Amino acid sequence: MQLYGQDITSRLLLGTAQYPSPSVLNAAIKSSASEIITVSLRRETAEGTGAGFWDQLRTLNCRILPNTAGCHSVQEAVTTAHMARELFDTPWIKLEVIGHSDTLQPDVFALVEAARVLSDDGFQVFPYTTDDLVVGEKLLEAGCEVLMPWGAPIGSGQGLRNPDALCAMRAHFPDVPLIVDAGIGRPSDATQAMELGMDAVLLNTAVAKAGDPAGMARAIALAIEAGREGYLADPMERRDMAVPSTPVLGLAALS
Amino acid sequence: MQLYGQDITSRLLLGTAQYPSPSVLNAAIKSSASEIITVSLRRETAEGTGAGFWDQLRTLNCRILPNTAGCHSVQEAVTTAHMARELFDTPWIKLEVIGHSDTLQPDVFALVEAARVLSDDGFQVFPYTTDDLVVGEKLLEAGCEVLMPWGAPIGSGQGLRNPDALCAMRAHFPDVPLIVDAGIGRPSDATQAMELGMDAVLLNTAVAKAGDPAGMARAIALAIEAGREGYLADPMERRDMAVPSTPVLGLAALS
Amino acid sequence: MQLYGQDITSRLLLGTAQYPSPSVLNAAIKSSASEIITVSLRRETAEGTGAGFWDQLRTLNCRILPNTAGCHSVQEAVTTAHMARELFDTPWIKLEVIGHSDTLQPDVFALVEAARVLSDDGFQVFPYTTDDLVVGEKLLEAGCEVLMPWGAPIGSGQGLRNPDALCAMRAHFPDVPLIVDAGIGRPSDATQAMELGMDAVLLNTAVAKAGDPAGMARAIALAIEAGREGYLADPMERRDMAVPSTPVLGLAALS
Amino acid sequence: MQLYGQDITSRLLLGTAQYPSPSVLNAAIKSSASEIITVSLRRETAEGTGAGFWDQLRTLNCRILPNTAGCHSVQEAVTTAHMARELFDTPWIKLEVIGHSDTLQPDVFALVEAARVLSDDGFQVFPYTTDDLVVGEKLLEAGCEVLMPWGAPIGSGQGLRNPDALCAMRAHFPDVPLIVDAGIGRPSDATQAMELGMDAVLLNTAVAKAGDPAGMARAIALAIEAGREGYLADPMERRDMAVPSTPVLGLAALS
């Protein structure tokens, strides 16, 4: 998988918020084998916590994907992205422009505008978006080379609320990396996302809030691999009518 | 996992029917890392095909779980089980007594009776059953130490049609190995089954009829491992109300 | 619809337990337009409450379908049925033989045996059963002319947990009245049951525990009618690919 | 229900396309008891067909809700709306701006812009939109007093693909009439929509393409009434654990 020209092997992107402790976070990241971790700029710059957290992440040899979590306007997101570029020395930015404080859904209008402003300014934008095809087209026109549709509201763990819409995105954007971002609650959700042809999964809460975050990180990494291989292996058709799996009549020879 | 006193590491049991060729079957079994494979006695004894097929399976170092596929009565199943014991030199028998030729669902009445007859005669019975708790109890009373509830009709690939019923089985039989047998179509179905606390998955068509059987075998093996680890890692609760995954409250404002 | 030779117009059968008061029960039954109501014999014979309750039900001009709710064995169910026949002067009996105290699922073994005993003794048995085809066949052999598969555990309001199994029953028993009994929680569940081709719905908790039982009784009666008419009107096929509902190209003439 | 100050009794709005014949359309509208029917302007003005079709609709005493079906741009939709206002002498317009020709999903950017232009020009706009809360807010800001979120792609009959999103709309817009427009395939879909608290349902294909359109129109009208009454009657909570619907505890034993 290539994301903005970078070869990426792991299809699991991991968030770094909400862990019970830095050591648990460390263990989860290692266990996940993720190559890309997201970091909220607000957390990073929180007084007294930033430097140590940043030093910790540096030891992990992951790419940092800074995000604009908590931003509710174009201006706020753009300002945050600039601070992130300076701080983390990367053109990558996960662009969140929140439109609704309960569901944390994107404001697709502000998102497209911010994506255009940032792309024009040299950023490589990873937009957190809905599963709306037309919004996806606008984001590509704005300069994005990756789309990150949600599966369900951030932190809900509901899984994929509208798999058909994700299928339609896959069909409509065959060559654009699609990363499901938000809503994954357990391994089977991740497997399903990959079976639909998604290229990767980004999640945070499902690992951070599991009883055993490192165990869950590994479980979800396996689940993503399983879904990817299943997608490539061309699954059987589901059948309404049951058919025998053991051909006892006529018995075609195997030898 | 212990099945009738035997330690088993792989939680994927694989059927051997319907593969396009013996070499594809071989590749799929290796790729699956399964330790237990099921074999239909009728296939085995079909004129002219048995010996070669059996020789082939012998090279794989798997435990053979002979099955009574295609049997529709107690007498037929018992007779077939006896032939299997002699031929494969094992007390293990996957007991299928089919009650309906379209859905291939078990005849739970004949199943319980056959399980009793065979258990009394020293067999270690793996009963292919429905997700009915009361039937499960009867099978345990009859001597079974393992239950194999269906997920969906054999060969349908529909996945788990009634996950709640499987949950109820898990709650009701906390110490009995539960193996989902039949209905799995793709990796996410297997992951889901394991997340419900099932101990293992038995399948055939999903691998045999995939475009790339060996690839699918590996995918499903990973999926099972993912689901098992996810189950053990204690997943987050699903939430109706979305909550932020990045804790921005309490942190200093953007400076 | 004919049930044991009786013409029945309303396809909603209503239970009489759990209502906040007798007057609310009265209002719900009237609002439902049900012609058949079920009565638990145990409630009826409870000391001090029986006579009044029975007098009340008598005023409603409904057929009484006594049930064996709470019975866990053949003997208990048979004894209860006999008492019911004497008390209510009807050969009808809703036969419940509970096999599991949490899910209140039927014990299909005891159910079939009790059905045989009662049918042989002249009862007209309405068996509360699972969605198992083979059990259904046994019940018909035992003399039942109606089958009442569950939708979900009694009192759960979960709706139809396994619609495919109900479809298979419809296909397998084209001429047997099928009444979904247990699990219905809201009107859409009842509509769906009827769209699958079920002949009627029996429920209790969904009405008794609604905020407005009489309103819910009417809602569910309408829902059943809607589902029945929808079934008869031959619904469109669901389509994966969207097609325009307004034919703007070529514009076929209507005039 | 009030829509732009008009009292409306029937909560079913019906489309007029795709019927096998004018008389079948007539029968379906009467059977539905709809007070509002949608008409595609393009159909209306198609050469040689318009006048007769229009005369026919006039006899039905329904309100006409002209639509801009088939429009793909702001300009096209605005022009069509103006023609409709002149032809049908109504400020009402169902605004469709299609963003994707396969799924016929709205282009939410063009939709909001067109809604603003038309509202400013005195139209009363019924926007066909997605289930996106932020888009809904923009449409209200643009002057709309009604929102018409889709259930699934037009003509697909898939039902409600994302019920949670519709719930979120209901919670977020408690006082705005919400009409599910597109995707309804059968009566139970309509019942479910109303149970979620939607105010009405608009559909076309489900009736026009049923085997018996008039029968299906009546079925769906009942289904909508059922769902509405069920919503108002305050349904029971769904329960994971089954509870008995017949209170046998505390009652005297069988005497």
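The letters A, B, C and D name the chains in turn, as written, and every chain counts its residues from 1.
Convention: a contact is a pair of C-beta atoms (placed from the backbone, for glycine too) under 8 Å apart; a residue touches a chain by one contact, two chains touch by 3 or more.
In this text the structure is predicted, and so the values were computed from the model without any measurement.
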>> Shortest hop count from chain B to chain D along touching chains?
In response: 2
>> Do chain A and chain D, two copies of one chain sequence, contact each other through the same residue numbers, with over half in common, or through different ones?
In response: same
> With chain centres set to the mean of the C-alpha atoms, which chain is at the far end from chain B?
Replying inline: D
>> Rounded to a multiple of 5, how large is the rotation, in degrees, that superposes the C-alpha trace of chain C on chain D?
In response: 180
> Cα centroid separation between chain C and chain D, in whole Å?
Replying inline: 32
> Using mean CA coordinates as chain centres, what's the chain B-chain C distance in Å?
Replying inline: 34
> Between chain A and chain C, what's the gap in Å when you average each chain's C-alpha atoms?
Replying inline: 46
> Which chain A residues touch at least two other chains?
Replying inline: 102-103, 158
> Can you list the chain D residues touching chain A in their complex?
Replying inline: 99-100, 102-103, 105-109, 112, 130, 132-135, 138, 152, 158, 161-162, 164-165, 168, 172
> Which residues of chain D touch chain C in their complex?
Replying inline: 15, 17-19, 21-22, 25, 40, 42-43, 46, 48-49, 51-53, 56, 67, 69-70, 102-104, 152-159, 182, 185-188, 191-192, 195, 204-206, 208-213, 215-216, 218-220, 222-223, 225-230, 232-248, 251-252, 254-255
